[in-house]
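To start, the structure under review is shown below, and the notes come after it.
We call the chains A, B, C, D, E and F, going by the order they appear; numbering starts again at 1 in every chain.
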């Protein structure tokens, strides 16, 4: 009786794509306008998927209020209205592509959830570009 | 040549989360405002996924009009504009959480579909909370 | 330099359409399945529009956090997860059609806003049915 | 470290469902109004999913600009503002159901992508009808 | 106490933009790929707005079921799964641009509605292109 | 025979709300987390509305390709993937609130359009916060 439950949240952040091991020309060539040294930004839409058994007492896989609060405390407060490159530990050395942001969010939430739950992160950078991690 | 086809539908219903084996304080603590004895309600958005082989004669996995009519007859007419707790057999004893509603819809449609089809139910309680059953 | 600013919010409620001056047959005829005595429900999507001058100090017509908090305090806390007919003063005597709910929300917010602002309420009962008040 | 990346695109096309081996009555019976000899049309919404490893140099699975350009060149320019039955090689003999269009798009993109990538196509014919291929 | 009520509906149709008084080169220059002689198509999303007084007996401006049925009978059955240029009287001589389709829908619904109602038509040709008529 | 036509576009930008005439405490108090000195960002969704007469030759109010190109050249290329405060002339002295951005976009497009057209700008900063200018 495994069911997947999903919870959506969003945060607004600035970022810049950049590989410090490359020179400017290479960064410009690979990342184009996403390499703008003054940053640009997005409304990130986050979809958290948790798979588990239905608890027969509650009818819940996980209490959505608990899941919502975990996302708020560990993801939204960390990244909302922040400059990912400058204001966060996680992306000081790591390029904040959508792929890498999804992996980081996965790891932050993974340690908050009971290991019996399966966790998947979907992150929309724009309505037309989005990513998912892990791939089962 | 397996393809998945999806059909969306929706219904509006009232419900209340409640475990009759618990006292009021426990119900209030676990279910919060969802335990309101006078009920609240939702626009449930339903996404039915059917996986099967393409029929080379029609180019269809299943005729969408047939699938639409099955959903209308067995799900929408049963739950639309109803109080799930009071007006339906299915939730007289079963807590109408999104998880349980998805499982019930799965069972109702599963018996209408040829066993060669794989079936999955996704149910949106709000734009931000949704569930899926079964998990393959 | 008048600008319109919009803020969206939502609430989930149960309701029933009913005119107590009519007999059951007449109520059934006019309101159909919306007359279900056990109620049904909706995810109401609310769009609040405020028109005013841009304040040259802030660049704001009105601080969105202030507007968000007014909506939360005076509308969402009053109606969210409630049965409109049974749990609220406003609809004890008034039929909770989308039209009437929009008028009630308008009046509740109108007294919270400075009279120099123009106010309009748009209320989505479903994605396909919605109303607006007042009409300027 | 496999991540899925998604890119959306759209195209507008006319089509008609028809099996040339059947007589008119049979076509009319099976395909209904979709069999209209003068065609009808859709805004097709296309979601391309590519699964692969994150490149540690770029933080990308695949450069979204590259993926966007592949979709533009091989799918959009081929099908946008076209009559699928009359203007395209692919559907001269093949019934342009959503299922078949998804399979065709899959094959066209499959040969453009490195074989280390896993590819999935999701195609929305309307907001309520959509398909996915292949099913993993 | 005037309130606006909105009802959404949709239809799928093929069309072609063409001015028979111009030669092919001129048509191609002005209408580009929309001039394809074999047609292309859209999922047209229609939003009908009706302004009137709330009836104190019902709490309705107009019964949404009545409005839904008028749209179904006079618009959807006329245009859904049709080729606007070939299958409809209205666009045999009139170029089926979004602007002209909106005007035609306005006139068809205007004669079905009591003259005390104000009527406005909004028509989405794609998510990014839409029109409204009349402008009050 | 006036018709309104709408065209949507989007751009991604970083910004920071700040009044240089105030001290840090005052800026922090008024703008909160939007005052982050390292910036944050948004996916701005832009809706351009143009009102005019239908040209009987084309059936158009304005050629959507022309309107799309004007928006691309004068708005998207100027603001997309930019830091509004640092990279643009328009917001070097002007606080880039949604209200002010809408006014700036209006002025930039107003000078590109024939004066017989009426122009309105709607700008979505998030799905829940948006503004419109001018108010007619």
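Here, a contact is a pair of C-beta atoms (placed from the backbone, for glycine too) under 8 Å apart; a residue touches a chain by one contact, two chains touch by 3 or more.
Everything numeric in this text was worked out from a predicted model, so none of it was measured.
Participant: Where the contacts of chain D and chain E overlap, which chains show up?
Facilitator: none
Participant: Answer with same or different: of all residue numbers used at the interface between chain A and chain F, are over half used by both copies?
Facilitator: Chain A vs chain F: same; shared/all numbers exceeds half.
Participant: Between B-D and B-C, which chain pair shares more contacting C-beta pairs?
Facilitator: Pair with the higher count of C-beta contacts: B-C.
Participant: Compare the CA centroid of chain A with every other chain's and tell me the farthest one.
Facilitator: Max centre-to-centre separation from chain A belongs to E.
Participant: What is the Cα-based rotation angle between copies chain D and chain F, on a 0 to 180° scale and rounded to a multiple of 5?
Facilitator: Angle of rotation between the two copies: 180 degrees.
Participant: Can you tell me which chain lies farthest from chain D, using the average of the Cα atoms as each chain's centre?
Facilitator: With centres defined by C-alpha atoms, farthest from chain D sits C.
Participant: Test of understanding: which option in D-E, A-D or A-F shares over half of the contact pairs of A-B, residue numbers taken as the match?
Facilitator: Repeated interface of A-B: A-D.
Participant: Between chain C and chain F, what's the gap in Å when you average each chain's C-alpha atoms?
Facilitator: About 29 Å, centre to centre.
Participant: Calculate how many whole Å lie between the centre of chain A and the centre of chain E, each centre taken as the average of the chain's C-alpha atoms.
Facilitator: It comes to 41 Å between the two C-alpha centres.
Participant: For chain E, what residues touch not just one other chain but two or more?
Facilitator: 127
Participant: Can you list every touching chain pair?
Facilitator: Result for touching pairs of chains: A-B, A-D, A-F, B-C, B-D, C-E, C-F, D-E, E-F.
Participant: What residues on chain F touch chain C, complex-wise?
Facilitator: 17, 19, 21, 30-32, 94-100, 102-103, 127-135
Participant: Quick check: in the complex, which residue numbers of chain E touch chain C?
Facilitator: 1-9, 51, 54, 57-61, 63-65
Participant: How about chain A: which of its residues touch chain F in the complex?
Facilitator: 10, 12-15, 33-34, 36, 38-43, 80-83, 86-87, 126-127
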